[in-house]
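Note that subunit A is present in both complexes that follow, paired respectively with subunit B and with subunit C.
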Partner chain A sequence: MSEINFDEMTSKQMLEYLVAKNMEDARQAKAKGGLVCWSSSIAPCEFCEAMGIYTVYPENHVVGIAARGGAPELLAHAERKGYSNDICGYARVNLAYMDVQKCISEEMPLPDLVLLCNNICETLLKWYENIAHTLNIPLLIVDVPYNHESEVTEENVAYVEAQFKRIIEQLEDITNRPFDYDKFEEVMKIASQNAKDWYDATALCSAVPSPLSGFDMFNYMALIVCMRGKAECGITFRKLKAELEEKAANKICGLKGAEEQHRIMWDGIACWPYLSHTYKVLKNHGVNMVGSTYPSAWALMYTPGDLNGMARAYTSMGNNLSLKGQIDLRESIIRDTKCGGVIMHMNRSCKMCDFLQHEIGEAVTSDMRVPITTFDGDQADPRNYSKAQYETRIEALVEMMNEQKREGGDQ
Partner chain B sequence: MKRSVNEIIEKLMAVAANPGQAVKAACAKSGKQAVGIVAPYGPEEIAYAAGCLPVGLWGGQVELKRVRAYLPAFACSIMQSVVELAAAGTYDELSAVVIPAPCDTLKCIGQKWKGKCPAIHFTHPMNRKLDCANDYLTFEYQTIRTKLEAILGRKITDEALADAVLFYNHYRAVMREFTLVARDHLATISPIVRHSILKASYFMDKAEYTKDIEDLIYALRRAGPENWNGKRVVLTGITFEPRELLEILEFYHVAVTGDDIAQESRQFRTDAPYHKSPLQSLAAQWQNQQGCSLAFDPFKRRVHDLVDLVRTTQADGLVVGLMKFCDPEEYDVPILMEAFEKAGIPLLCIEVDQQTTAFEQIKTRLQGFVEAL
Partner chain C sequence: MLTLGIDIGSASSKAVIMGDGKELVATAVVQAGTGTSGPKRVTAEIFERSGVLPEQISATIATGYGRYGVDMADGQISEITCHAKGVHFLFPAARTILDIGGQDAKAISINENGRVLSFFMNEKCAAGTGRFLEVMARILEIPLSEMGDWDRKSEHPAVVSSTCTVFAESDVISQLSNGARREDVIRGVHNSVISRAMALLYRTHMEPAFVFTGGVAQNSGVVDSLRRELRQEVLVSPQAQLTGAIGAALLAQEKADQKGV
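Presenting the complex of A and B:
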């Protein structure tokens, strides 16, 4: 670590270095008898970080496997175990990995405890139940009730906050040490600052042309997922922000080797097994993906020391909002990032991403007159994607956006 | 004069076979308004205390047309039917529907309710063993109460709520008693009869229904236990419908000795414990619910409970009726398969789809299973 000089590295180099280091640290800790936690991607990392527990993220790990084409054999293993191919691809790959502990990507040490927060979906409850039951390890949960009305209630926030106390008790029991409140306070400051740095950097997608392609943002996301409790994360995003500001000042577009002719919002998780294909088809049409729900998903900002505010941040994130909240969120993204179209990923793995698409699409079309297309895909299972369908749908979307541009020009 | 076993069974089977008609008749008879409770769990007691008829909405065999615009094909079969029926206006006569959100599908269905009657949403807390879960759910139930009061234009008193909780505990005890007595009458209480009797509870006034079940228990006991020479299984899952699935069990002379079906025993196996506030009692009931795929449990009590249920009811095996595209249930299957293999108990997993019309494959699989028992 002492040989590493972040000043001489680009944000991309830092990203690659830090993500790999985080996993290596966990592996080394495990080998030396340290505790490793598997955590869902938007769970409060602050608690384990404060207690020096090494945390790794199954969702992120599966992304690495799926993007390298290594998911099929693990999916087949999960199906042999009795997991229906209807279940989330991330879960199937991870549950299989837990069993075989071998994959095409980085190896991830088995956990001594798991932490989940169901603010992104309820499938995590069952997935992590199965991990905890199979490995016979403690399960820490921050249950955030679904905000079925347009407001987040005080009772919801109070319930979430009260669970923090239980997590602290569980961690004291697991580590056999008193909870480190000083470190906790420090981590809260870091995590909140990192969330802000992440949001500030990715918000530069609003520049025209956007200096950041959403597909590059997908890559940077690994850092906000895996290292939100560590200071290096924020350093990287501040560096990214500076790099993007320079590009924006010089009108450099985030699409490599293409001009930005259209700007779109991508609704849903990336189609990791075909990340390159989905990107190139868009690039060939001069389409830059500049809008996404990801920047706000990790914008978990609160005043350090304020547990109530922290609880509110975790229970108010996008996926946990009512239909109205989800429509409002997308309309503000489309407005802020000046999108002329929307691509909705009908992701076979994620019911939460899919089952409100019809109503969200109707509202966005009616309120903003933005053309929308959908395509069938999957975040991890390559069997659920068709290159031809994607290409056709994107062509149609581009035609609609061209039409709208012409109409706009005529007016 | 006490009624005969057949009389009561015929009445309840007619109700289960014609839910819409039964609900209309019950409302006409009592002058009550009907309130829908979308599967799997809702605080029926609040609607009951409001002087309404709580009606269970568990989908049904319906041709899927309208829902195709609203949901992709991989939403669970039961919610496809619920949305179809809602969009077709089947539920429009209800005064309100109460919709829970224990899974991703139900969260979304609640938000995109296509019926004309008002929808009241609520969320079950999943970190169920903590006191704060009771506080949260009590608040949610209070919200349901307030909204229902506004819709109905009348107050739901604490006293009426406390009475409803007490009455429902009595109803639940009677139902548990019935499932015990039914084990000694496997010829009369065949799989179809058993299911129909339990299903009828969703479309009748609970007081009348409970009285019917008490009379049935009395009549069955008077008739004395029956011999059963066929095979015996326990069922688990969300529902075990359509009826053709049960007909296959009967065809192969298989009886149901117990169930862990959400539509059936999961509804009445947990009482609401005493609390000063009746809404807190109802919240505590959810906290005490165990062995359900939809009630978070890292210790998977469902697995142990099912092994115990098979053993205590002297069943020959377990049949998992896996609701198509229901992920909470799907996640439990590999764990159940492993545990039952270790316990040396045969297990068969069949897919449950309310819209299925071809049953030959399931018939062949059940035949193989029964022959191997």
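Presenting the complex of A and C:
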């Protein structure tokens, strides 16, 4: 790290360097007898970071595998073991990887403990339980109740805070060391600042034209997932923000080689096995994806030192909101980023996303008169996607947006 | 001014020549879709049948699954927009469209100008589409074109799964081997297609008038099933299969007008 001068690097170079380094550090730590944790993507990283436990992220690891076309053999392995193809593709690929420890992407060291937070998904509970059972390692759970009402209740926050305290005890047992509260507070500061830097940079999508394509944002997401507890993460996003501000001042669009004619919100996880196709079809129609729920997903801001505030942040994140909360979130994204249409990824892997989309779509159409299209796909399993279906539906959406523009808004 | 609309679907190719965006000059249908000789044959046939020369056509728009394979097209427009346009031309009062083609089904809400307000399409599965009916017709050993006549004879309709074509196929085989009457199974097959389509329709505004288009709308059994389910009149044009091509020809007219041809 000492030989690396971040000042001379672009945010993209930093992103590539840091994501690779994070995995390499974990591999080296494992080789030297250090502890490695597998964690879900929006679980509190602060605890393991404070105790010097190297954390890597199966979801992000599967993204790398799926985007490089390496998912099918691992999916086949998981299905041969009895996992149904109705189960989340991230889970299937990761569970297969745990078995074979070989993939097209970076090698990820096996864990000594696993940490999950079900604020994003319930499949995680069984997925991680299977890992812990198979490898006979500790399973750390942060069980976050779903927010059925519009307000996050004090009971829910207190319940999550109590579990944080339990995790501290568990980590003391696992490491055989007292919990490092000083380091913990320092990490809380860093994580909270990183969350703000991530949000500030990605919020620049609201500029017209947007200097950032949502597909590039998908790539930067690797850093906020994997290194939210490390200072380099925030340095990168502050650099990204400066780069985007300069582009915005010069009216440079985030679509490479195309003009921004339409702005849309993408609802759901990326279709990683076909990331390039989904991007190019949009780009060919001058469509810039500027709206997404991802910027706010990691905007986990709280006062450092305040465990209760931290519990509230992890409980209140977007995926864990009531239907009304989900609708309000989308409508504010559409307004803030000035979107003229919505694409909903009917992701076979994520029932949580799909079940909400019909209702959300109906509400958004009725409240905002924004045209919507859906397409079938998957975050990891390429079998669930059809290029022709995607192309037709995007064309129809663009035609609807054109008609709406021609008529000067809706009726 | 003459314009040409070509709709290359998965199961058939359709072409329409229109005059001044107002009258149907000629139509042609070839029961072979994209990836076959269908697109070439339908183009040759429409010129031969109408006596119109290709150079007399001011603009051509292609639509359908195979829209990018039509060399002579001046542009491509999705079948959703083309169907809306075509239906609005045939039935200006139409507000809700059900279109079932060879391998897809769509429900479309349109406004009084024929503009698409929303659309919903089938998932990555051909159950409940024309291909589904073709498979069933083969098992039942009845030509597709006679399914409607058989449907009318049904007194005790069977219940046929709409979940999946493969499941429905074994369902039909087992019902036939258990002695079910063919007309009752056929009615069950038609109801099965509509039960799937209703899941799409219920997501639209469900505003009348309802129009049914696409090749499957030529099957009176499926149309009757839709009428029973909606408890409403359903408009079906004799040109039901040509709606997309008509819309494409109308959009070609708009394109030619914009260019000032």
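Keep this in mind: the second predicted complex is superposed on the first by the 408 of 411 C-alpha atoms of A that agree within 3 Å, B and C clash if a C-alpha of one lies under 4 Å from a C-alpha of the other, contacts with A are read in each partner's own complex, and residues count from 1 in each chain.
Going forward, contacts are C-beta pairs under 8 Å (C-beta built on N, C-alpha and C of every residue); 3 or more make two chains touch, one makes a residue touch a chain.
Here the structure is a predicted model, which means the values were calculated and not measured.
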{"item": "Comparison of subunit B and subunit C by subunit A residues contacted", "value": "B"}
{"item": "Partner chain(s) touched by A:Q389 [first = subunit B, second = subunit C, both, neither]", "value": "second"}
{"item": "Subunit B versus subunit C as contact partner of A:M346, first or second or both or neither", "value": "both"}
{"item": "First (subunit B), second (subunit C), both or neither touched by A:H358", "value": "both"}
{"item": "Which of subunit B and subunit C A:D143 touches, first, second, both or neither", "value": "first"}
{"item": "First (subunit B), second (subunit C), both or neither touched by A:T373", "value": "second"}
{"item": "First, second, both or neither for A:E129, with subunit B first and subunit C second", "value": "first"}
{"item": "Residues of subunit A that lie at the interface with subunit B and also at the interface with subunit C", "value": "346, 358"}
{"item": "Interface residues, subunit B side, partner subunit A - complex", "value": "69-72, 74-75, 101-105, 107-112, 121-127, 130-133, 135-136, 139-140, 293, 296-300, 322, 324-325, 327-328, 330-335, 337-338, 349"}
{"item": "Residue numbers on subunit A that touch subunit C, as the complex places them", "value": "346, 358, 362, 365, 371-374, 376, 384-386, 388-389, 392-393, 395-396, 399-400, 403, 407, 411"}
{"item": "Residue ranges of subunit C touching subunit A (in the complex, touch as defined)", "value": "65, 76-81, 111, 113, 115-121, 123-124, 203"}
{"item": "Subunit B-touching residues of subunit A, taken from the complex the two chains share", "value": "81-84, 86-88, 91, 118, 121-123, 125-130, 132-134, 139, 141-143, 145-146, 148-149, 153, 155-156, 158-159, 162-163, 166, 322-323, 346, 348, 351-352, 354-356, 358-359"}
